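Letters A, B and C mark the chains in the order given here, with residues in each chain numbered from 1 onward.
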Amino acid sequence: MGKELLSIKNLIVEYLTIRGKVRVVNKVNLTINEGEVLCLVGESGCGKSTLGLSILQLLPKSGKIINGQIIMKGQNLLELPEKTMNEKIRGKEIAMIAQDPQRSLNPVFKVGDQIIDVLRFHEGNRDQRDRSTKNILQPSRRKALWKQKAINMLDKMGIADAGDRIREYPYQFSGGMKQRVVAAMAFISNPSMLIADEPTTALDVTIQAQIINLLKDLIKEYKTAVLYITHDLGVAWEISDQIAVMYAGSIVESANTESLFKKREHPYTEALLGCLPGNMMRNKTQKKHLNTIPGQVPNLIKPPSGCRFHPRCPYSMRICKEQQPILREVSPGHSVACFKKESR
Amino acid sequence: MLRYFVKRIVWLIPALLGVLFLAFFLIYLLPGDPASTMLGPRATPELIKALQARLGLDKPVWVSFGKYAWGIITRGDLGESVWSYQPVSSLLMQALPYTIILAVSSMIIAITIGIILGILASAHEGSVLDLIITGFSLIANSIPNFVAACLLLLFFVVFLKLFPVMGAGEKGNILSQLHHLILPSFSLAISWIGYIAYLLRSTMLEVFGSDYIATAKSFGIPMRYIAYKYTLKNAIKPVVAIIGLGLGNLFGGAVFVEVIFNRPGLGKTIVDAISARDIPVVQGGILLIAILYVLANLVADLSYAYFDPRIQYE
Amino acid sequence: MVDNKKRNKHLLQILNSFKKKMHRQLKNIVRIFSIILKDRKGILGVTIIGIILCCAIFSPWIAPCNPYELNIINRFAAPSLKHLLGTDNLGRDILSRIIYGARIAMIVSIGGVSIAVVVGVILGTIAGYNVGRVIDNGILWIVDVIRAFPQIILILVLVAVLGPSTLNMIMVLALTAMPRYTRVARAETLSIKEEEYIFAAKSLGAKNKRIILKHIIPNILPPIIILAGMDMAVMIMIEAGLSFLGLGVRPPTASWGIILRDGYRYIRLSPWMIIWSSIAIAMAMLGYSLFAESLRIALNPKESIEKQAGV
């Protein structure tokens, strides 16, 4: 697509819990190119949300980034001071849409004010000039400009009567509409990258489809790169150019979407795709079961030795118990972390 | 909003009637015969009879109560002081402003200092400053107003000789009145400062952890703005509720402070009347305080409903 | 013969289930206490309350001197080796008087709270239970009338009118503290009633009451314990305040309020009475506040998990 926009190198993130330290992101390497949509797919608890939060350094108090680099436009984001992160990166270069729209908006402030606040803190410091007369704008004129921008944005997000709704409070919006508001806040500064952390998981299926279509249009229009985090392979198929599959804190497979679905290399990916209801039909036996992956999600405080998937893997060999496989390219643009596939 | 207001007022009426009855009934609670108890051992039978007539003790309870209640509702007549024959209502009205000024100024001090400390502590959570403020808040919250009054008296008046001891200051001289107001106000304010600071700190920290604050952070909104604007407006709600309650409680707490500092307010009037066994004044006094207290609570409830419109529909 | 056997078996069953329930309750209590004790606030709170309790119970053994022993020649003495906290206006040892003062504080607060809780819960349960709107509203009305007064004022006036004495003080304290427990008990009863009615429709009439009691008590226990903790602190404070005004415990009984009162009267002659009694009163209130706060956190599962994780 385009050139490299964001590059994550060797990221390690740990959480401190009652029962000890948990390594939630385990030496992850990931690259997102300009204008590209990369889906990060995995089960709950595999570390994908943590990865997203780490990019913006928004981990809760119990989380620590132990090692690694996150390079964007030549800069290691992890080295930037908090002030720069706030002013230049968060909400401006990289914007984030979170999972639960019901709790994402501040209940005591009007929706319009919350959108305008995003503008204020990113554009407010520089003097703005009026287009026609080139004079520096007065604060009141600036505010009016921002208000108009916010209204336009809300309108674009598909909210009718944006001019009136801007004065309303979050509790007057439904879940899907709240998510549109958050999307407005995200796109209003024209970010070069968007992190979407399961944005539709908490919504009804019909609303889900609407929001995904909205996002698709916006991504095309703004040419934003997207890190789309989800556990839903169907969504991944629809929206992404590249997919990275994550399991127990590591990326186990990474490829462009078509290639991944056609030639799923990693046993986990294979099993995941086998779980899709559509695959019920291709089950050799006559019984119609939903396929599942045997075993349980690993305990990350005492993870399995070697490859973390080996206890549940139908192809596991002795080496899988002893060492952790690294991501290696097995065909152009398609990488896997698996000893079995490597040996081919 | 109006419906909620009316609903609350209607619920008040039976309670207020009960209050009226309790105040009235106070006389009958005196051990032995009220009139002779009040007049003391040297009373002659004629004096006792006269007092009984004045206080309506010679008539059946319902009749006396009816007269009492009627007098209050129609004329605001609370009877007369047993010893001075002054109308109770005017006695109380003279004293009331002192108490109100004391209560209001204490609340203002408490809110201002308490909120500032609470915000500071929550914004620097875990630091030495936070520890000091939290420790101070917990201790301050544990100091009752009369203890604070004695301590302030000891330190500022006896040791440092900075403040006057008694009274409310010269009439008409604002500076002198303010001077006499400082120590009593602080005595009342101290425990509230501690409480408000601690409460606000906890609420702010709780709000800090919520999703919408995380969203604001993710959009790059600076920490200072988040702390003072976004978080505060949410965290302030419990504090607002406390203020109304606090004002009500201050009317009660003012009693000790007025006695200690010899301020001629409502509380001191009641206590003096108790010592002098001037029951009508006591009755009128607690009636007035109860009304003020109920009003303060009502205002608190209404303002809480204003801040959080959802309450009205519960 | 057969009936007896059956009855004994039935009794054994009841005893067994009772034992099991007690076990569970005890485990619960131990768990909560361990959470409290891990917390700095909790440790401090429990320690302070423990010290006061010890002073109250063991005062004759702990106090160095007789709190009533006069020694007018030696009055207003500053702290010394013989009198660690000094002497008061009548030459009595302040330390001993403070230790004995803990007795009054504990008697008044424990007595007052116990009566308030018992009466309050009974009234609240009756009000919420099936007895009809008249009694329910009646009880609510009484509760509202009591709540219409600031606690201190009502106590002040009632004690003054009834006559200052320790017993009167306890009674009046209980009266003004009762409303909150009534409301809690009533609210819980109302909500239980909704659920239990379905059971009651199937089961025998007599079992009704016992089931409801079995469900009400465990549910109201947490908020009541917290309320009781705070009320005890308030009662200690009010006792001190009343004694300070001369309307509480009668001298020469040693109460912190009376020591403070003497200090106030002789403020220009000696600061020690005020200082030590202030510390005693403030410490008592602090101890209870810390304990109540720690208890509240312990009973709130979300907060206590975070605490255990050390976050």
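What we mean here is this: contacts are C-beta pairs under 8 Å (C-beta built on N, C-alpha and C of every residue); 3 or more make two chains touch, one makes a residue touch a chain.
Just so it is clear, the structure is predicted and the values come from calculations on it, not from any experiment.
Peer 1: Can you tell me which chain pair comes out on top for contact count?
Peer 2: Counting C-beta pairs in contact for each chain pair, the top pair is B-C.
Peer 1: What chain lies farthest away from subunit B once each centre is taken as the mean of the Cα atoms?
Peer 2: Ranked by distance of C-alpha centres from subunit B, the top chain is A.
Peer 1: How many angstrom lie between the CA centroids of subunit A and subunit B, rounded to a whole number?
Peer 2: 55
Peer 1: Report the inter-centroid distance (CA atoms only) between subunit A and subunit C in whole Å.
Peer 2: Comparing mean C-alpha positions, subunit C is 54 Å from subunit A.
Peer 1: Taking each chain's centre as the mean of its CA atoms, how far is subunit B from subunit C in angstrom?
Peer 2: 24
Peer 1: How about subunit B: which of its residues touch subunit C in the complex?
Peer 2: Listed in rising order, the residues are 14-16, 18-19, 22, 26, 29-31, 138-139, 141-144, 146-147, 150-151, 153-154, 158, 248-249, 251-253, 255-256, 259-260, 270-271, 274, 282, 286, 289-290, 293-294.
Peer 1: Which bits of subunit B are touching subunit A when the two form their complex?
Peer 2: Interface residues on subunit B, with respect to subunit A: 210-223, 225, 230, 233-234, 310.
Peer 1: Applying the document's contact rule, which stretches of subunit C touch subunit B when the two form their complex?
Peer 2: For subunit C paired with subunit B, touching residues are 141-142, 144-145, 147-154, 156-158, 160-163, 233, 237, 240-241, 244-245, 247, 260, 263-264, 267-268, 271, 274-275, 277-278, 281-283, 285-286, 289-290.
Peer 1: Over in the complex, which subunit A residues touch subunit B? Could you list them?
Peer 2: Result: residues 56, 58, 82-83, 85-87, 89-92, 95-96, 98, 100, 103-109, 114, 117-118, 121-122, 171, 182, 185-186 of subunit A touch subunit B.
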